[in-house]
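Working notes, structure below.
The chains carry the letters A, B, C, D and E, assigned in the order they are written, with residues numbered from 1 in each.
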Amino acid sequence: MVNPVVIIAITLIAAFSIGIFQFLGKKFVRGVFWLTVLFDFAAILSIAYGFLTKAIKNPIMVKIGGFPPPIGINLYVDQLSAYLGVVVFFIGAMAAYHWLSRGINDPEPKALVLLLLLLLGSTGMIFTQDFFNLFVFIEITSIASYGLVASNLDSFSLEASFKYIVIGSISSTFVLLGAVLLYKFAGSLNMADISAHINSSMYSGGMLIIISIMFLFGLLIELEVFPMNGWALDIYQGANPAVVAILAGGIVKGFYLVFLRSANYLKFPHLLKIGIIFGLSTYIVSQFFAWKQKDIRRLFGYSSVGQLGLLILAGAFYLNGNLHGFAKKYMLFAIIFFVLNHSFSKSTLFFLADLFGRRRIEEWKGVLSKNKLFGFLFSTSVLSMAGAPPFLGFWAKLFFILAIPKEYFYIVALVLIGAIAEILYYFNLYRIISEKEDGIFDYKGSIVPSLFNVFVLLGLSAFGAYKFFILTGLDIQSGKFLAFITISSVAVFVLGVSRLAQWILSLGMIGALGFHVIKNTSLVPAFNIQSFFVYLVLAGAIMFVFATYPLSKKYSAVFYPLFVFTVFSMVGISVSSNWITLFIFWELMSWSSYLLINQGGKKAAWIYLVMSAIGGYGMLAGIKLLSTGPNLIPSFSSSSAFAVSAWAGILIFTAFLVKMGTAPLHIWARDAYGESPDGFTPLLSGVLSKMGVFGGILTIVYLLPHLSHSDTILYGLAWFGALTALFMALLAIFQEDVKKVLAYSSISQVGYILIGLALATSLGYSAALYHTVNHLIFKGLLFVAAAGIIYRTGTSYLPEMGGLIRRMPFTFLAFLMGIITLAGIPPLSGFAGKWLLYSALLEKRWMFILLIAMFASIVAFMYCYKLLHTIFLGQLRDKYRKTKELPLPLVIVELVLAGLTFAVGIKPNLILSFSEKAIKSLGFTSPGYAYESAHRIVSKFGYWNAYFMGVFAVGSFIIALILFFFAKAKIRKVGQLDIGYSGEVPDSPESVHFGYDLYAHMRRAVRVFIYPHVENTYKRIYNSLMAFVDYTRRFYTGDLNTYALWVVITLSFIFYILYKGVF
Amino acid sequence: MVFFAASLLLIFIGLYAALVKRNLIKIIIGLSIMDTGVNMLIISLGFVKGRTAPIISLKELFKKGTWLVDVSKVVDPLPQALVLTAIVIGVAVTAMALSVVIRMYSVKKSIEIDDFKELKW
Amino acid sequence: MAELLQYFMLFLIVLMLALALFAVKTKDLLSAVIASGFISLVASIVYLYLQAPDVAMTEAAIGAGITTLIFVITVRKTKGKEK
Amino acid sequence: MWYKILYAFLVTVGGLAYGLLLGGISRKITARIHGRRGPTVFQNFIDLIKLLRKKTAISHGTMFFLAPMFRLLGGVGVLLLVPIVYGSSILSNFSFGGDLIVVLYFMVFGCLGMALGAADSGHPHSALAPTRGLAQMAGYELPFLISVIGLAIAHKTVSISGLVAAQQGGIFHWNLFQYPFLSIAGLIAMLGMYMAYPFSVVMAPQEIPVGPPTEYSSTFLSFMFSGRSIFGVGKYVLFMDLFLGGATNLVEAFVKTFALFLIIVFVTNVFPRYRTEQAVKFFWTYPVVIGLIDFIRIFIK
Amino acid sequence: MRKIVAIIFLTIVGLYMLSLFAQIPFGKPYKGVSEHYVEKGIEENRGSNLVTSIVVNYRGFDTLGEVTVLFLAATGLSFLLFSCKCLREFKRIRSSLVLRTATDTLFPLILVFGAYIFIHGHLTPGGGFQGGSVIASGVMLLFLAYRKFHVNHKALSTLESLAGISFAGIGLLGLLYAKSFLANSVLPLGQWNKLFSAGVIPLIYIAVGFKVGAELSGLIADMISTTKED
């Protein structure tokens, strides 16, 4: 354990000695520099390690000059400053390494001195416990950063540096005045001594309040708070990114800690008010201003200023927001994780921006594909900054939201809206980067520092996850499961050398998990709704993974790991025991599915991510409203203990409605399904939307009964489901891309399930559960077939296909059975779902919804015929003469699913037996229908004998065939162009094939329904927001006088709101 | 009270220059005037009427026969010690600012703020 | 004798404020620099009245000497005239 | 159970005969309105026998080959699922198999089969016809569903025999009089189902000769033709049960179905043909409004 | 427009601060830690100049920080102005004869005077900083007088670094011998008002004097002749 003063002394001596060694050559100076930095890092690490392992109990107090505190100056190193010191030195070392590798311009020794003294200044600032000494160290840090910011010597960095100097000297004047006035008021300069003299009653006296405002305002300027952070943004944009990395990554955090510590010593009563006003406004404003940014560095600047605003908010709550017990611990860890996450990922982003060199975002097109390692580092840090689940940012945000007291719900709402805005602009950037571009780009300078940072970031994310599960006392089960998910997907990536190996590995893993879940019932006790969905997910995943092998040749190496990750997170959702674990796995699923869709359509993936972020964060807000109990974690059952405002239910349900793609929230579905990689779409539509259904069931069963006026909500949901079913079917008719037709049809089928849920009767649930399984079967079948067809024909554009029945008979048979099930025609399994739903609706006397539901299924026939005709029937084009049948795995899956539809068609209680058990676990006595005989189902309104219908259909079909052969006619097969076509003999298939816009005549009748009203409203909202943001971000005029003016205006504003004396 | 008001006025004249003047050097002059104002304010905070400077060169300043200095005869030395540092820091900042101005001039041949507004929005 | 000193101090303070206003208002940078140098000189005299000899010497040597010198060098290196 | 299957054969053959007869009568009436003698009433029987004795049958592919079977199966299925005579165990056919919803969906079975066969023939007209058929179906299904749902909710049952039971006891118990507006909407929808003249755009002779079965000939066409007529009879019986209180004996069944047949024949010979979207727009406005009057009355009760 | 808005807000802030300063009594006796500094000032470190004893002994860490600030400014300045091709080449005109002869006589006197100031730092007002700046103004005089006068940068920066290291070294010595950094009891306190008294303070102030002198003259040299040389 090194005496902290030695760190400062040694660095100082080294800095002075460089003055001599600079004449001996660059190598020597670099050696001294690295020696000192490593020594300091080791020293601070040993102190931090001492604190971590409780070897050092109480904070270290070092008297300088031998005099006791109030007389002399002393250093005071507690836990937070030790950890921050480690972060500052680590980031400083990385930035120095990066800068040296990029080559520092000419007088390099002098730059290294500035770097050393910058680090010295910030550590001194963190350690000292004397106000004036704090002022001196702030000056050292500021002057060093003035010099370093200007180090590029181009007009940008010089301008930024000058602005920083002017604003910095104003801030240091206030700090100086504040320090001396504090001495005048309290008699000494030592923080501990002053806080002993001060008690909060003195604040009404008028003197102390102004003195502390002046002092804290001086620090607040350095914290880049909203009205006066123009200078900071210009530094982020203009200065050398290595310097910016240190400033943003370490130094600003030092100012932050000093600000909080001095506010704490001064017992400043209004810290919460200041924290909320400035922290929140900085966060919100900077997130929205970052939307229209063209310069990538300024974008990162806005994001880091926003993060700092969030930190101020968290700090204010931690110190002054009278949190106690769990909330206080959560807030502490939220602050620590925010600081760590921001320091490491932001500095990596700045290093990478420096390496790539170009400023405008458009020029970053396709970086991800050009350089894999660079892309990996960039995406990890962007994901962690935006708060994607397994990374540190997510845990920080979760801790923060949980810790805020409930009466401040408007803060939670605003912070979440800011988070959505953050996701919007970060992943607008990510969308541009992940474009497919050829060519390789290399860079001058080494990637090692960013590699180190990301490596540490990953380690911290694991620690964050571990800490989250320990601290909140959540069941360790889901914590271990989360670890299992990440390890397994990484294993698939690492071990999977070729696609085949990855395919086998992922198959094995899903199989193993399935076996594990079935065998030991610890994960899933009795057969209840959760295990119903676990088996559903696993069965679906096994089949769809099996079908992806032939397609995966052209996918990137990340496909299978992400696939496994999504599947396991879905299992995690269905296994979770309370709302928070549900939310964690939900976010895991959304993010991993986003990354998978991003392999295909970039813009589609972006819209999908924004919509699921809106849903996800809405859910988090809803959960916040529910949070009860000491550890603020609402479990499913506990949340039913008291009346809850309708808002909680609605917010939580929106997340599930987004995934189900119900009417107003459906805009992402067509493109996400349409453009996602073909191997993933069956899983996306077959299983992922079912997670929305699972969530819906949980909300309705556990939450809605306790919500005020819950029946109107249910009736409204039923209407949403019905309208989705009808309008999506209508839209599906006019699509010209096979996957887009199937996408709309998939949403409309999920609309049926939503109606089933909204009924909330046992018959309604059995209809919904049956239809969930059935939809998985036939939609999976259709998407697998579509994937195969696209794989063979190379196009997904319907008018270009035709006549494929001759080349792919098995696929046609499977597709036909899939279509018949989709349409719900009796012998096959589709009809049972329809029948259960209609009887449930009849039972509940919801006549209009029944009318719309039945009419929607009639409309569904139109696109069923369209799909069959344009793909398989009609004229076979010449280029498809030699296309072979689909690859074997696909055909196997198709036929298995087709067989399943027939088997279930004949004997529906293959599924119904499972759904009965699931419904009983939901607390219903009977499943709403009865078995009269072995095969005859009777509901209150009607009856239906599945077995008889199957036998009758097959039997009479065979009889008709036999009758046909009795007829004497000899069958003669004729060529495809041999048709009586108004006397002409057609020469080419194209001239006679009718495949484009089959329902043109229908369009005139339904024009008003299929006009994209919803999409246009979304576009209009987005564009007007963009225009508004573009106008308001002109606030930062770049004019130094205006910046200084805003500083004075903010000071007068603070005086006005806090000091009631003079006016 | 006159000294307080005067130094406050001096600070605000300096600040006024930084807020209004378009010439970079004029702004730095404003800043240095502000520094002088602050220093004067601190010194006047530490002044006590009718007492001498904190240099103990005469015997009378001691309490009878001891090495303890009679507090009622000496002005408060601490603010003066602080101002010593503050003046030097003021000079350091001004030197830094002027070097940046020289560099700005060599890049853009002008020292008006209007030519240095590229970093914005 | 004491009031005389006080009136002199009052005069010095008023002089300083006038000089400050002049330094800020004037168009010619060189005269502004000299005015600010003169302010710190007057300030060092005021410090003497305020019984702070150390600070007076520092203010004189550094405030008046070095600062004014740096300003003069910079003004000569750049345009020297405010637009 | 075995005697049920035997009776099913009898009913099918009887239905076929009755259907062909009705077809012949309607051709006779149309001719007479046009002022010409028109073919014998048994013309349809002659055509069927002619088709069956054809030597060769041209086939365009497997789906083309199977379509007539689907067509026939569809027609027979509808006929057998609907009880012709209420109460008699013989003539209630297989109505124990499923309720009204099953019948509704089974009706589509035949049409979908025919549509696929037509599409597989490769002939553009026959591929176009099903799109018109499905579009028009979306049209007339709305009023039909309104009437069906209305009746089901009113009588608290969806099984056809249950509906018929609810209408027993005198003329005024028939749905036609209990819920007049629903019945009118249902009957207008019936016009659409028969693709009778105002809504015959699907089989429009001038534009697309006979629509889907353009490419069909000989045995395939015979199956197609018989399926169509059995399907027609099945629909008459269904509408009889829904709106005219079903039949207690066979004679009453013949009378009521013939009455419905007359409605169809008179309407077809008077109106010109609608384009598809005109048909859809017509169905979605007038019959829907009429149906909704009773629908809302039931909804409120 | 900008002037009016600036004045309005400056007056608002000014009024608030004025309300504060109105409550602070001018010229009233102080209390708190200064009483200790004054009362025990002589007893604890014998130096008659209390301000110097505070600056170097009680709050020595501040001075260390402050010396770093000055070193930082000098390094930063030379870093920025290293090879600055400032076009308006600073033509150093020939100085008048009077100035040259005055400088010849005055320069050594100024050096001696500067040395006097920082050696007697603990006795008479003034100290390292004031002495250093006096020396620097002497060097400035040389620059004004002789056009071709150039400072040997290598010597200056070595002197500066050595002085800095010795200051920090004395601090470390304190840590070794007297258990706390910058402790004064490394050397005997000696007699009040004698030259060799007040423990380590004179040594520190001499080191500071040299450092400030070398630094400021290096600073001025950089500012004036910003062309690359030797």
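Please note the rule applied: a residue touches a chain if its C-beta (ideal position, glycine included) is under 8 Å from a C-beta of that chain, and two chains touch if they have at least 3 such contacts.
Worth saying up front: this structure is predicted, and the values here are computed from it rather than measured.
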Where the contacts of chain A and chain C overlap, which chains show up?
B, E
In how few steps can one go from chain A to chain B if every step must land on a touching chain?
1
Identity of the chain that, by mean CA position, is farthest from chain A:
C
When the mean CA coordinate of each chain is compared with the mean CA coordinate of the whole protein, which chain is closest?
A
In terms of mean CA position, the chain most removed from chain B is D
Winner on C-beta contact pairs when B-C is weighed against C-E
B-C
Let me have the rounded angstrom distance from the C-alpha centre of chain C over to the C-alpha centre of chain E, please.
19
Separation of chain A from chain E, taking each centre as the mean of its C-alpha atoms, in whole Å:
56
Counting in whole Å, what is the centre-to-centre distance of chain C and chain D, each centre being its mean C-alpha position?
109
When the C-alpha atoms of chain B and chain E are each averaged to a single point, how far apart are the two points in Å?
14
Can you list every residue of chain A that touches 2 or more other chains, as numbers and ranges?
132, 136, 139, 143, 146-147, 150, 153, 181, 183-184, 189, 1041, 1045, 1048
Quick check: what residues of chain E touch more than one other chain, meaning two or more?
2, 6, 10, 13, 17, 24, 33, 37, 49, 51, 59, 62, 65-66, 69, 72-73, 76, 80, 86, 125, 127, 129, 219, 223, 226
Between which chains does touch occur?
A-B, A-D, A-E, B-C, B-E, C-E
Taking the touch rule as given, give the residues of chain E at its contact with chain C in the complex, in rising order.
49, 51-52, 86, 88, 90, 117, 125-127, 129-130, 133-134, 136-137, 140, 216, 219-220, 223-224, 226
Within the complex, which stretch of chain B touches chain C?
2-3, 6, 9-10, 13-14, 16-17, 21-23, 25-26, 28-30, 32-33, 36, 39-40, 43-44, 46-47, 51-55, 75, 80, 83-84, 87-88, 90-91, 94-95, 98, 101-102, 105, 110-112
For the complex, give me every residue of chain C touching chain B.
10, 13, 16-17, 20-21, 23-24, 29, 32-33, 36, 39-40, 43, 46-47, 50-55, 58-59, 62-63, 66-67, 70-71, 73-75, 77-79, 82-83
Given the complex, residues on chain A that touch chain D span 803, 805-806, 809, 812, 816, 820, 823-826, 831, 834-835, 838-839, 842, 845, 847-848, 850-851, 854-855, 858-859, 861-862, 864-866, 868-869, 872-875, 936, 941-945, 948-949, 952-953, 956-957, 960-961, 963-964, 967-974, 976-977, 979-981, 992-994, 998-999, 1001-1002, 1004-1006
Chain B touches which residues of chain A in the complex?
132, 136, 139, 142-143, 146-147, 150, 153-156, 158-163, 165-166, 168-170, 172-173, 176-177, 179-181, 183-184, 189, 233-234, 237-238, 298, 1033-1034, 1036-1041, 1044-1045, 1048
